[in-house]
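Labels A, B, C and D are assigned to the chains in the order they are written; within every chain, residues are numbered from 1.
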Amino acid sequence: MFDKFKDECGVFGVYGHPEASKLTYLGLYALQHRGQESAGIAAADGDRVRLVKQMGYVNDIFDEPTLATLPGTVAIGHTRYSTAGDSKLSNAQPILIDCVHGQVGICHNGNIVNANEIRDRLVRAGSIFQTNSDTEVVLHLYARSQAGSIEDALVESITQLTGAFSFALITQHALIAVRDPHGFRPLALGRLGDAWAVTSETCALDLIGFSYVRDVEPGEVLIIGPQGVRSIKPFPSAPLSHCIFEHVYFARPDSDVFGESVNEVRTNLGRALARETGVAADVVVPIPDSGVCAAIGYSDESRVPMRFGLIRNHYVGRTFIEPAQSIRHFGVKVKLNTVRSILEGRRVVLIDDSLVRGTTSRKIVRMVRAAGAKQVHLRISCPPTVSPCFYGVDTPRRRELIAATHSQEEIRKYVGADSLGYLSLDGLLSSVKTRSTSYCTSCYTGSYPVAFPRDESGYLQLSLKIDGQVEPLPEEEPETVV
Amino acid sequence: MFDKFKDECGVFGVYGHPEASKLTYLGLYALQHRGQESAGIAAADGDRVRLVKQMGYVNDIFDEPTLATLPGTVAIGHTRYSTAGDSKLSNAQPILIDCVHGQVGICHNGNIVNANEIRDRLVRAGSIFQTNSDTEVVLHLYARSQAGSIEDALVESITQLTGAFSFALITQHALIAVRDPHGFRPLALGRLGDAWAVTSETCALDLIGFSYVRDVEPGEVLIIGPQGVRSIKPFPSAPLSHCIFEHVYFARPDSDVFGESVNEVRTNLGRALARETGVAADVVVPIPDSGVCAAIGYSDESRVPMRFGLIRNHYVGRTFIEPAQSIRHFGVKVKLNTVRSILEGRRVVLIDDSLVRGTTSRKIVRMVRAAGAKQVHLRISCPPTVSPCFYGVDTPRRRELIAATHSQEEIRKYVGADSLGYLSLDGLLSSVKTRSTSYCTSCYTGSYPVAFPRDESGYLQLSLKIDGQVEPLPEEEPETVV
Amino acid sequence: MFDKFKDECGVFGVYGHPEASKLTYLGLYALQHRGQESAGIAAADGDRVRLVKQMGYVNDIFDEPTLATLPGTVAIGHTRYSTAGDSKLSNAQPILIDCVHGQVGICHNGNIVNANEIRDRLVRAGSIFQTNSDTEVVLHLYARSQAGSIEDALVESITQLTGAFSFALITQHALIAVRDPHGFRPLALGRLGDAWAVTSETCALDLIGFSYVRDVEPGEVLIIGPQGVRSIKPFPSAPLSHCIFEHVYFARPDSDVFGESVNEVRTNLGRALARETGVAADVVVPIPDSGVCAAIGYSDESRVPMRFGLIRNHYVGRTFIEPAQSIRHFGVKVKLNTVRSILEGRRVVLIDDSLVRGTTSRKIVRMVRAAGAKQVHLRISCPPTVSPCFYGVDTPRRRELIAATHSQEEIRKYVGADSLGYLSLDGLLSSVKTRSTSYCTSCYTGSYPVAFPRDESGYLQLSLKIDGQVEPLPEEEPETVV
Amino acid sequence: MFDKFKDECGVFGVYGHPEASKLTYLGLYALQHRGQESAGIAAADGDRVRLVKQMGYVNDIFDEPTLATLPGTVAIGHTRYSTAGDSKLSNAQPILIDCVHGQVGICHNGNIVNANEIRDRLVRAGSIFQTNSDTEVVLHLYARSQAGSIEDALVESITQLTGAFSFALITQHALIAVRDPHGFRPLALGRLGDAWAVTSETCALDLIGFSYVRDVEPGEVLIIGPQGVRSIKPFPSAPLSHCIFEHVYFARPDSDVFGESVNEVRTNLGRALARETGVAADVVVPIPDSGVCAAIGYSDESRVPMRFGLIRNHYVGRTFIEPAQSIRHFGVKVKLNTVRSILEGRRVVLIDDSLVRGTTSRKIVRMVRAAGAKQVHLRISCPPTVSPCFYGVDTPRRRELIAATHSQEEIRKYVGADSLGYLSLDGLLSSVKTRSTSYCTSCYTGSYPVAFPRDESGYLQLSLKIDGQVEPLPEEEPETVV
């Protein structure tokens, strides 16, 4: 509900464990933050692959009787976030088919950039698509492959793809993990005895007691089956493009992604932010929950004490009912409340991890002022987001990104802060240990590492203006009194 | 799911607002932490009182069509926690009846100590009880009163009660708030224009934009109706007995209760804890979410930095499925994960607000050690809990309270910490501004401000021994490997 | 959905069978035609009485897991029809309470004429009513009785009642059957080995393999418990008043009620109707399903062959969706269709069991004409219904009964038949073997065997005119074309 | 639940009506007897085709809000019965796809005999099947067609099929009806003003006020779109093979199928049966509901009066709970009860429309004897069924058909009747007006008008013996007493 980029998926898979579907359920539990619209599990018992998927949370979809319908020692699972337009069960994953090569199920985190091109070609040849997800093209390529083996058919299929893809696939007998050669999205490998797991984030391994082995490498295909674990690298080499936003916002702080502790990186972002944008203040207040790590770092570096001046209500559901006589800043109030004893009379540094449209920030700044803050200084622990993502992140169109169309001073005025500070791109990249060129920073720079195949309508929506006009900033709701 | 005392209820009421049931829904939303088993709203339109109540969360029970069945400008609502035995819809509140005095609905936070005595008397006289809740006796006393007015009938009824009770009542025309003369449970009064609200905690007023006026006073009856607000004090005077546990754990930190900011009190507890039980350490880690305020205070006082070394998964539902091949500390792991980069090699001070049976603490200490901590020092921001509560808090029987039957050193060994420190009773009482005799501390002292009427079975369960034996400490689950 | 009087309930009870609740479920299954709005079962295992009741059909409410929550060798059950106003779960039966005499549950078929008087008295004395059903007064009288035994308390309670009541009651240990001294509603006793059953109709005994023993006698109380079966007769003697409408329409033709085969009586009605109202015709067509037995008798007596010229769709649910562009006679068409090959060019005698408002008959006559009938002669196998029932049957108010306010010729014109014939009261009473004075015929005569205690609003609604006007006959829906 | 052949589907379609989906819902309502497992509707508004389908009854699936999601002036619908193995939602119809020719939805009554052959070929070429229904092959053939128009692509697809098929198809703009050249299953055309409808049975036209125009002819494709109604006949001519079982049992008696009144044919069957198998008797009793028409004919011809000696409980749901202490003939008793006053001491002719395994007949004969019948003569209004159907009817395997493996005398003994009589094949064919060679009688003769393409496993199951043994007749359930 907050004004954030949205991660689109979490993928998980396990091989060689008698409770494969139960471990997958737990893995998805730990990956629930990566997608809350639908979830699914497919499991194989050596004979058949079975599937359960539904709209909703992992915990609401799966219970003991449901998991009992998913026997076998191999399983894959998926949690999905999706934009409104295609939020329907048929698009939920895993997608499972039966074809000339047998049954195969797939889970995908990322975005296949040339999916529409491939799809058009296949439809013209008579393929019937059941979903409008980009992922389904992989299955049709696979079903049409005349290759003699499952592995060859798979390689023939995935090497036609461009873009971002971390896949977990399941056959009657094997778990297969695939990561695109750029390594856009994370995918880690874990182990417990003879059992193996792959997961978008390592926090899922912690929950089920598996130890982290290594990441599935960019461009690697891992086939984990009765013959053991086999790695092949069918893609031509490509520059690395890890998504920096996993560290900024998406991943859980207790995960390691791209080989680094998210908590450490995020705390470093706060420290760098304090160095770059420090201001005289009495208290550092994170916008919970995502601003907490950076606030710790900011406080640590600036020696300004951190306090929880905003309290989050964790019982908030997906929807809530608003009174007709609208309450000021209601949408934010229902999730956050101020603590007057912390804010009153103080100079407050508010820490957030990102700022997309600015609408939520504007409401929070006003709430903080209404609780008596003397000054409000908003600090963002990443650079201004100026470009949409095409590699598996749900972002608004460019013209809705406030930083794409307005100056920092205009934004400050809009959100109503006394001062506004962003972390610089250098500050961001200095906070990770990895070589900075390993990261995709297209949302901050507009420089895209994988080209778009066609200058099509979706692409044109990137333009900043409608009919020559910059998108107007959203109005505050009317200042009615309850 | 954690090893905590449980608050039993939140009550809310509103008078004189065209969207009374919607505001009540929002009020309950903000009070959801006080009870998650059932919720209900009764609303009056001057002609009839209507009721909706269900098992479940506020947000799952009420939607627009449901609220549309609750028209009127007066409403009361309730969120309920209950022990397993009587967790059923008939015990959910509000309880609504029609009687010779008209319709009346009631919401209750607290516990009527002489309810069983009154109930037995009424049943012998032919009253038919529909629930096994203590609250229903109030309604039967009221229905049988031959007093000539609603007010007189109510006073005649409530003055027969002893114990803890903060009531919100509704009639066809009025909202009535009652607080027992000891003031055990909180009840605050708020206002917006001509509309009035009563609420267990002030955070509910913040959400709906009402301002806090004052607390309903101990022993006060507030009748808010077409004739305005009238206060009567029908009880003989009694010593104050505010529940100190509201500050220690129950209330939200963004609320004021008993006239003080919960956040401030709770942070003070952490400071006092640091002064009393300080130890050389590298990092202060709260057990989230309830240990956070005290950890802030402890860190502030001790100058040891605070870090979030334990991450809570907020997507955890009420139930979850455990693998047959059990995972170590699974019950805790599913809710909390460690952040190795924070804990590894460090001397850790773990801060929790209370310790009841010790079972959860024992698991958390082990998890923290498994993440590489060099030392683990457990600090509890209140004194040892040695006695059950009989005033509206769900507590285990005395013999299950580890501090009632074991020495501090035995507890330290059981939880596996390098050291264990509790806040002293003096330290606790010095953290509130109010005169310390205003508080009930019976759970720490066994000294009960309101006597129990009969030496009955429930009371005997207080004894520390079963057949002469101290309750054995729960075993760790078997050390199986997944 | 048809224009009929509605029976209000079926009651059933079993004692001394290890599958008491399952047999009760089956008994209700067989009594489903007596009430389709809600159903419930209470069962006793010697220690506790447990209850399940819901809105809906017996078959939708009870499944194996639900019945497993109702253990014990004693059970009672109820199917309920109710008017719109009080169609809610709290009014469903059995009603179960706990009181000073222990637990007691009750099922009721009939109507307690002095319920409001008793209720007012009890409410003034402080009783809290949970339902608006007349049945609840019995329980409050029982709970307030200071009698020393269950039996005495029950006798003290039921002897205060006037009106129609066939009760099945359950305690922790016994099944109790009660029938009012007039014997308005049926109640039969069955047996299999040491197990006993009571039921509104004998068809329920057939299903569960019990044999019919005798009727519970008017004014009899049967206590079936560990001490065996005991009969007491606590009521002063009263004239018999069996409901003749049970034979005319309510009961299933495979039941015996009041000691006679419903099928035989109903076929006799058809024979008498042919004798009284015979007309030259080609085919006799019953309005299914209730007109079938009388049509058989009519055809047999008149030697005019019977054919199924109207076919009923048995898949019709409670509700159905009508097109906006309304279809002629839609409400009837969705349930009945004509068979042109039977009706075309024929002189048709339509047989129905009763005619209340005339609205459905009017539509059916038109449909039959539209299918080509040359003449349509409507024959009703009972006299004109001119008065509402106050003894447990749901009937419209008097002014809505077409025969109360219009002449037979006016009705004939309204329904559009070539001729209309009713059975005479003598013809009706000659069709049963029992002495004719044993029957209540108040709906045909307006002569009520049990007086109403007060001249209250409900009674005044009997008047035939509103503001001096006779109720206008309902208009045909507009003659739109789809 | 009775021992009957099962019709597999009802199809319906409407073109050119503003409430197309509502009329389709009503059409399915009238066709509910042709399939009760699932139902669905697809509707087109000129731009998009939308689909709703679910397991369950038409009336439970569709309500106003659901139908509101199906706007447009064209719609098709389907009710489905299916064998246990493939009773799942994905097999429900309509099946809707999007392909290179646009969206197309299909409903099917019948069975495509060469579906497996076609499917294997398509899968090898890379098609992905989503269901295991034979109908889906039509859509894949269509999607792969390189023909330039929808019509050409459709013709190219359907001319590859052999077997029984009455299709209703929908595109964004048109309704298309197809009937196989043998005319196995019925399909009628109706009209109201400018709107058109197609339906499996004419009773659906009656309900919505459309008039019957003619049957869709065998081998005809009717394209009803903005350009009007166009008929093409793309199939080579073939001998007619109308399913005689539609008249014997499947169709509603108020329908006309294959140009004749079902009621008339079915009554004729009864007359012929009386002529062929007459016996001295006191009463003719139909086994309801399907035996009623034939019983009317039998009674008429034989002058033995017909009475309803078996009463059907129309409240029986799909499932019911049986007591552990089983009741004799329970499965039949729950649906049928005897009327002793009709049967006792009588010589009874029981009329049924067909006899498949004989298990239900055996129970009914015993029930009728238990109700006191002196003699029981069972008469079946069609010949012995000796062969399974492969053209869209769900039948047991041949060895389960009692008449395939036992003599008439053996069957008589098994069912326990005093005599048993079947209608002869000549008697059957003489009851229809159409030339008798127009009908498929393969279930009575084993002579199949369309050959099976492969001698595959399904076909081999036809053999009469398992391991050289005739299937033993099912035992009566043990003669336990409740």
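The rule is simple: contacts are C-beta pairs under 8 Å (C-beta built on N, C-alpha and C of every residue); 3 or more make two chains touch, one makes a residue touch a chain.
Just so you know, these numbers come straight off a predicted model, no measurement behind them.
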Where subunit B and subunit C overlap in contact partners, by chain label: none
Subunit A to subunit C, fewest steps along touching chains: 2
Centre-to-centre distance between subunit D and subunit A (centres being mean Cα positions), rounded to whole Å: 52
Averaged-CA centre spacing for the pair subunit D and subunit B, given as whole angstrom: 63
Inter-chain centre distance, subunit A versus subunit B - centres from mean C-alpha coordinates, in Å: 36
Multi-chain contact residues (two or more partners), subunit B: none
Chains grouped in pairs wherever the two touch, ordered by label: A-B, A-D, B-C, C-D
Contact set on subunit A toward subunit D in their complex: 97-100, 123-130, 139-140, 143-145
In the complex, subunit A residues that touch subunit B: 17-19, 22-23, 25-26, 29-30, 32-33, 36, 57-60, 62-64, 67, 192-193, 203, 206-210, 252-254, 261, 263-264, 289, 292-293, 296, 300, 305-308, 311, 313-317, 319-321, 323-325, 327-328, 333-334, 337-342, 481-482
